[in-house]
Amino acid sequence: MDHNSEKISHILEALPYLIKYSGKTIVIKYGGAAMVQEELRGSFAEDIVLLKYLGINPVVVHGGGPEINQLIQSLNLNTQFIRGHRVTDEPTMEVVEMVLTGKVNKQIVSLIQEKGGRPVGLSGKDGGLAIAEKYLMEFEDDTGHKQTLDLGLVGQVTEVNPQILYTLQAEGFIPIISPVAASKDGKTLNINADTMAGAIASALKAEKLILLTDTPGILIKGQLATGLNKQIIDGYIKSGDISGGMIPKVECCLEALKGGVKRTHIIDGRVAHSVLIEVLTNQGIGSLIE
Amino acid sequence: MDHNSEKISHILEALPYLIKYSGKTIVIKYGGAAMVQEELRGSFAEDIVLLKYLGINPVVVHGGGPEINQLIQSLNLNTQFIRGHRVTDEPTMEVVEMVLTGKVNKQIVSLIQEKGGRPVGLSGKDGGLAIAEKYLMEFEDDTGHKQTLDLGLVGQVTEVNPQILYTLQAEGFIPIISPVAASKDGKTLNINADTMAGAIASALKAEKLILLTDTPGILIKGQLATGLNKQIIDGYIKSGDISGGMIPKVECCLEALKGGVKRTHIIDGRVAHSVLIEVLTNQGIGSLIE
Amino acid sequence: MDHNSEKISHILEALPYLIKYSGKTIVIKYGGAAMVQEELRGSFAEDIVLLKYLGINPVVVHGGGPEINQLIQSLNLNTQFIRGHRVTDEPTMEVVEMVLTGKVNKQIVSLIQEKGGRPVGLSGKDGGLAIAEKYLMEFEDDTGHKQTLDLGLVGQVTEVNPQILYTLQAEGFIPIISPVAASKDGKTLNINADTMAGAIASALKAEKLILLTDTPGILIKGQLATGLNKQIIDGYIKSGDISGGMIPKVECCLEALKGGVKRTHIIDGRVAHSVLIEVLTNQGIGSLIE
Amino acid sequence: MDHNSEKISHILEALPYLIKYSGKTIVIKYGGAAMVQEELRGSFAEDIVLLKYLGINPVVVHGGGPEINQLIQSLNLNTQFIRGHRVTDEPTMEVVEMVLTGKVNKQIVSLIQEKGGRPVGLSGKDGGLAIAEKYLMEFEDDTGHKQTLDLGLVGQVTEVNPQILYTLQAEGFIPIISPVAASKDGKTLNINADTMAGAIASALKAEKLILLTDTPGILIKGQLATGLNKQIIDGYIKSGDISGGMIPKVECCLEALKGGVKRTHIIDGRVAHSVLIEVLTNQGIGSLIE
Amino acid sequence: MDHNSEKISHILEALPYLIKYSGKTIVIKYGGAAMVQEELRGSFAEDIVLLKYLGINPVVVHGGGPEINQLIQSLNLNTQFIRGHRVTDEPTMEVVEMVLTGKVNKQIVSLIQEKGGRPVGLSGKDGGLAIAEKYLMEFEDDTGHKQTLDLGLVGQVTEVNPQILYTLQAEGFIPIISPVAASKDGKTLNINADTMAGAIASALKAEKLILLTDTPGILIKGQLATGLNKQIIDGYIKSGDISGGMIPKVECCLEALKGGVKRTHIIDGRVAHSVLIEVLTNQGIGSLIE
Amino acid sequence: MDHNSEKISHILEALPYLIKYSGKTIVIKYGGAAMVQEELRGSFAEDIVLLKYLGINPVVVHGGGPEINQLIQSLNLNTQFIRGHRVTDEPTMEVVEMVLTGKVNKQIVSLIQEKGGRPVGLSGKDGGLAIAEKYLMEFEDDTGHKQTLDLGLVGQVTEVNPQILYTLQAEGFIPIISPVAASKDGKTLNINADTMAGAIASALKAEKLILLTDTPGILIKGQLATGLNKQIIDGYIKSGDISGGMIPKVECCLEALKGGVKRTHIIDGRVAHSVLIEVLTNQGIGSLIE
């Protein structure tokens, strides 16, 4: 089989997925290595543009990356720490917003534009997309009593108004969203990008929520678990097989499923084109929770 | 590079073509080996379905194939020949129409439906798509005088009403057209499928007209000529490098270009997925006339 | 009253029916004498065109007529008979489809086009209009046990996808449907035209289903029964007053009523313009089942 | 031929006209006997409703009738006369408007509603439909000098804003228009109904303008002239064959033709259903000017 | 603060109301002094035009005013009185309709047009807007028995078909409605303008119904009552604090609230711009019943 | 006149401007004091929201303000100066973009959202809104020769793609644009906000371009010049009456007029609600160039 025929046969393998996802929405949390390494950034941007031309509607929610810390350091902001967690005070929040919305978001916009897409950058503030409230972390103190920790200007989304997304999608634009939102009393709050993506996926009743991570997916005793659901995950959390930073990610997925998303995926952002591999190939990639 | 990555990289090679042809119309004359061999039929149907899902609008005009002759023989129709050309009398025309519109067309419809598309079969009569008039073949007799030959119910398209095609395309259907049309006085006429495809491509100001043939393309002294235009072709016809059955094909292409079609192609229908190779790869296939 | 005034008064008699049926859909099973006799064919085509211009949406489902048998005979196909029923084998089915879809359908299309309408011919395969499954005839053998008879490629409609009909109607086209459909495993099946019309009328929640027959309607002891319903019909079947070939026709009507059709009619196709007489006059024609 | 068949054949005679006028606009000046005699009123209303259901868009402009004079007399208004012409002073204009817009218009609306149509009454004031200016009658005095005669609140249309008519037509309403309009400085003016109909027909580029009169049409030496044009009419006016009250009517028709109306008709409103006879029959009625 | 700044600050005070009422419908009963005094007429017309340009949809229902009686007197119509109530016989009804629909309605239309709006006058007959039936007044005779009083051609609305209103609103027209409607048997009936406005407000599920009166609102022991509801009103009627002509007005409001109107207002039409004061200012004006 | 009446009379003064500007687009360059002082920011936001609710489409292009310099200083960026002009190197451009797009833009978005509008922040990169190229400043050196000065990443708009603006406007969103754009080779460039506003106004064929400044307008010998045009301005520039920083502003206005903008204004942003005063009052404010 010559190169062209092979190429075409590869494209044709994707046909069942085109039929299945045509006109559907896929929300992708973009972050980690895929956002840092030059080559991965390019391949991610191509994935998003290709999805759009294949008739599938991608919505990207991005995280922050190392650039926030760099700017905080350059500015010598005094960061307060409580119980090991950094407190987001106003000067810090300003930096967070500027970097997320004014730098990272626009880099993604530029890259996708360059690859042939028509991206529009938004933060949660634009078009009233996301309303948030302050998030108070709950924890048990040494005596076993429940306490709450005020980490400053950190929020969780309480309301999503997706009309701006429908408006942009209908005209062929690709929304690129930075995880910042305002509270009802006008405070700017930093939102965890995974949960922002999950909230938006729920509001859109998305076909898929895909979280890009710097792991192959959910590893259970070192093996990639591919097909999971709430019951299995509850077991793994109880047994300690899922632990640490993976817990909020799987919870985010379960929450999105409850909110009406069809399928959720935790995949390896370090693999070039992992989004397309997930969406368009038989084998897929990473862990599926449904 | 593992299989998935390779596959995705192949799909991505197609991205520039998706960007270029998104929303455009491509008219394909389907016939010859591609319509006879089981495997080629399947791969052609996949090509059409994939194009549609890629946001490109294919319109298929098919020829007849050997089945017309089989039925004519089974029915022992007396076919008259004039100067080596078969005369299409009424009983013959009836057989031609039944086979083209009632058998071949429906086989293509079924195959494309099976592959996931939504085809609708039409003849030139449906929705008043094509109006034709009797075609009188001109030739020079032995004394060098121009004469015309009446080959019976053979026609050429004089008017295309593309509204039925726009209607079907707008709702996601794929038109599959058999080369039969009625004259204004109600006679059913057999139309050459290449010229039918050309006339429809012109009426639609199609992005491409692709003629599937049983040759690699236009061969000049045994070599495939890839990029041609009217001037070059006129030269080759004069020099005899283009001759015989290839002449009406290149004339059909030139006519379509004159009618507003952007590019025309004569490609090898014996190569699996030659339509996709032409549309989606850098190298392309066959001969381009523009 | 002079001719013009009389003419106008006749047109005005139709006004209440225009008001009643404006924008509604009427499905007509076309067959029998109305399809064979030259003059009746013309008058039927006029009826359909007029209905369309009156703002009523006709959908025509046609039967086969004598031409199928002629071609079968010309081809010397060996037809097998089981218990007096012809078995439709593959060569026969090919002939059936070619004649229905490639000849009869196009004749109707041409005629309606000529009268000023904009018909588009379809078979059940086009746009996935009708999906069918093999029909096994049930009967009781001599010992009173239920048996099933396999008559070959004969089917019954299990699913109607009316989008192609809505698409065509919305743009002013008149669908002309031949009673052939594919099964899910890709077999071409011959469908009884009455039940095809009934299934389509149900899917469209048609205002009327009209079956053209070669009788004045339902005759009970030699008298035309005009207003009937399920209860009355059940009685007549039990009493034997309705019998033979009329039974499947009334069952088709009852099935359509159950499927949401408002009124069904069995009328005399041998009377010129019987469709218009039914739709537009006070007196109507034939038997009404509602 | 029995009654039903005859009726249907009469309806079918109208088919070519339905095809020709489908979706087109016909402006009808309604007045004279057709507005006075009970039976003619009913038949006119039926004509209008039928046209609408046949897919043709009627627009009615009505005149005043004897009721204006009755009310003027009942109110003992002192009417001034100049050179035999009544001067429309303010109290008179008030009566004219009340009768035209508040009585005659609503009678027509009620009648058409009753026959099954959906009429909406308008005067030239509604939706800014017609803007008028005072009309000064020109005449030659005894010494042959041109003079102008001020007949008070009599106007001629200078501007038509047809949007309100398009709005109503698009939703299936039938506009019924009384010939009253305001001038730019807010004066209410009485407009000749023929010229009002002509101005509206021009603004709509109507297919037809039909003036209902109490004569069979244009009589030349006692004979009905059926097919006329500007040249012929100019001749007849010069020769005196067209004279008196017929002159402004033919001028109104010529003006409408100049304004883009396709055909104009002067027909006999005393004949029941003369509008339908004109529109739907081969023979037609009255005089055609085109 | 200079004039411009003050002006702008005043406009900005209205902003919360623009946000609240944008795209909503407000039905206004127009009558009394506001319709009689030159200056108030102008200010009312400005209010209506401004509302429309502010993106709010006003619908005006007007009453009759003194002009009806003037014309009745001028015509020396013999009016019959029963128990102190005038009986509306046919000649009287004719006058009522002519004045309401042919004079008062058109005066309002002209005024609003002049101020820059695009009004369209309607009566209940147009577009089948309102269907009414004869209203028989109930009363107790001296012996305490219920009796009904036939006051002639007086009606109450039984059905509202708001499509004509939606049609006009969607295209930027302002409906001006005279309180006349036809019964199903074709009788013209005089409708109380308050109840006509209430019925139309209910059919439109209007945001507000505003009744303009010649009082400051509902006066309870000489004090304006501003915020009321059914319970409070029932108490006041029982206690006699609400009595006489105010009773039908509050009943009209309560009926409208029951019909789905959000808020109803009885305000002082003698105050210039009272409609805008009600809609756009914090303080508002008159009595609110909700 | 009490407060309410006065308020309403002030609102009504705006009616002619509502009629004039309804549905039109007004582009406003926002900067200077109006963006710095708390109270002026609030009043500007109210102006924009009110305009939108009045049916006028505002588009805001904002400048940077002092916050860019603050961040540059905090980061100790070494800024190079050439001939007194700061050179925008890459680290500086990054700061400029972050502050403009990630901070200033979002502050404006938040404020307008809070006042009841539905703003969406964009930079020139979003939706490919603005394409720029490097701007080389021309100057004459000491010997009178033309030289160009490379000030780094400073650009001028060469192409505006307004589709994203139409998309947002059509759905009721208010575009807030930061003056940053990418060049075709992917460089981020800082654009002068006035010229960005002018380029966008031209692309939209805006009704007005309003430049907010920290002066009363164009002062000629200390007097505000209110009505100007190209000819007058050319004279004033020649005479030196217009000089310094006002020259690029008037050139920006003249360029916009050439580009199809109807009217341009240079107004005093230090006056609260100066935008509304300009748009809605007879007197207006500042200098008009048309």
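Order as written gives the chain letters A, B, C, D, E and F; numbering starts at 1 within each chain.
Everything that follows uses one rule, which is that a contact is a pair of C-beta atoms (placed from the backbone, for glycine too) under 8 Å apart; a residue touches a chain by one contact, two chains touch by 3 or more.
These are the chains along with the protein names UniProt gives them: A, B, C, D, E, F = Acetylglutamate kinase.
Just so we're clear, the structure is a prediction, and the values are computed from it rather than from any experiment.
A.B. asks: Which chains does chain B (Acetylglutamate kinase) share as contact partners with chain F (Acetylglutamate kinase)?
C.D. replies: A chain counts here if it touches both chain B (Acetylglutamate kinase) and chain F (Acetylglutamate kinase), which gives A.
A.B. asks: By residue number, over half of the contact pairs should agree; on that basis which option among C-D, D-E or E-F is the same interface as B-C?
C.D. replies: Matching pair: D-E.
A.B. asks: Roughly how far is chain C (Acetylglutamate kinase) from chain E (Acetylglutamate kinase), centre to centre by C-alpha average, rounded to an integer in Å?
C.D. replies: Whole-Å distance between the two chain centres: 57.
A.B. asks: Give me the residue numbers in chain F (Acetylglutamate kinase) that touch at least two other chains, ranges are fine.
C.D. replies: Within chain F (Acetylglutamate kinase), no residue contacts more than one other chain.
A.B. asks: Which of line, ring, star, complete or other matches the graph of chains that touch?
C.D. replies: Looks like a ring, each chain touching just two neighbours.
A.B. asks: Report the order of chains around the ring; begin at chain C (Acetylglutamate kinase) and proceed in the direction of chain D (Acetylglutamate kinase).
C.D. replies: C, D, E, F, A, B
A.B. asks: Residues of chain A (Acetylglutamate kinase) touching chain B (Acetylglutamate kinase) in their complex?
C.D. replies: That would be residues 3-16, 18-19, 22, 46, 49-50, 53-55, 115-116, 271-273, 276-277, 280-281, 283, 285 of chain A (Acetylglutamate kinase).
A.B. asks: In the complex of these two chains, what residues of chain D (Acetylglutamate kinase) are touching chain E (Acetylglutamate kinase)?
C.D. replies: 74-75, 94, 97-103, 105-106, 109-110, 113-114, 118-123, 125-128, 163-164, 167-168, 171, 173, 180, 182, 186, 188
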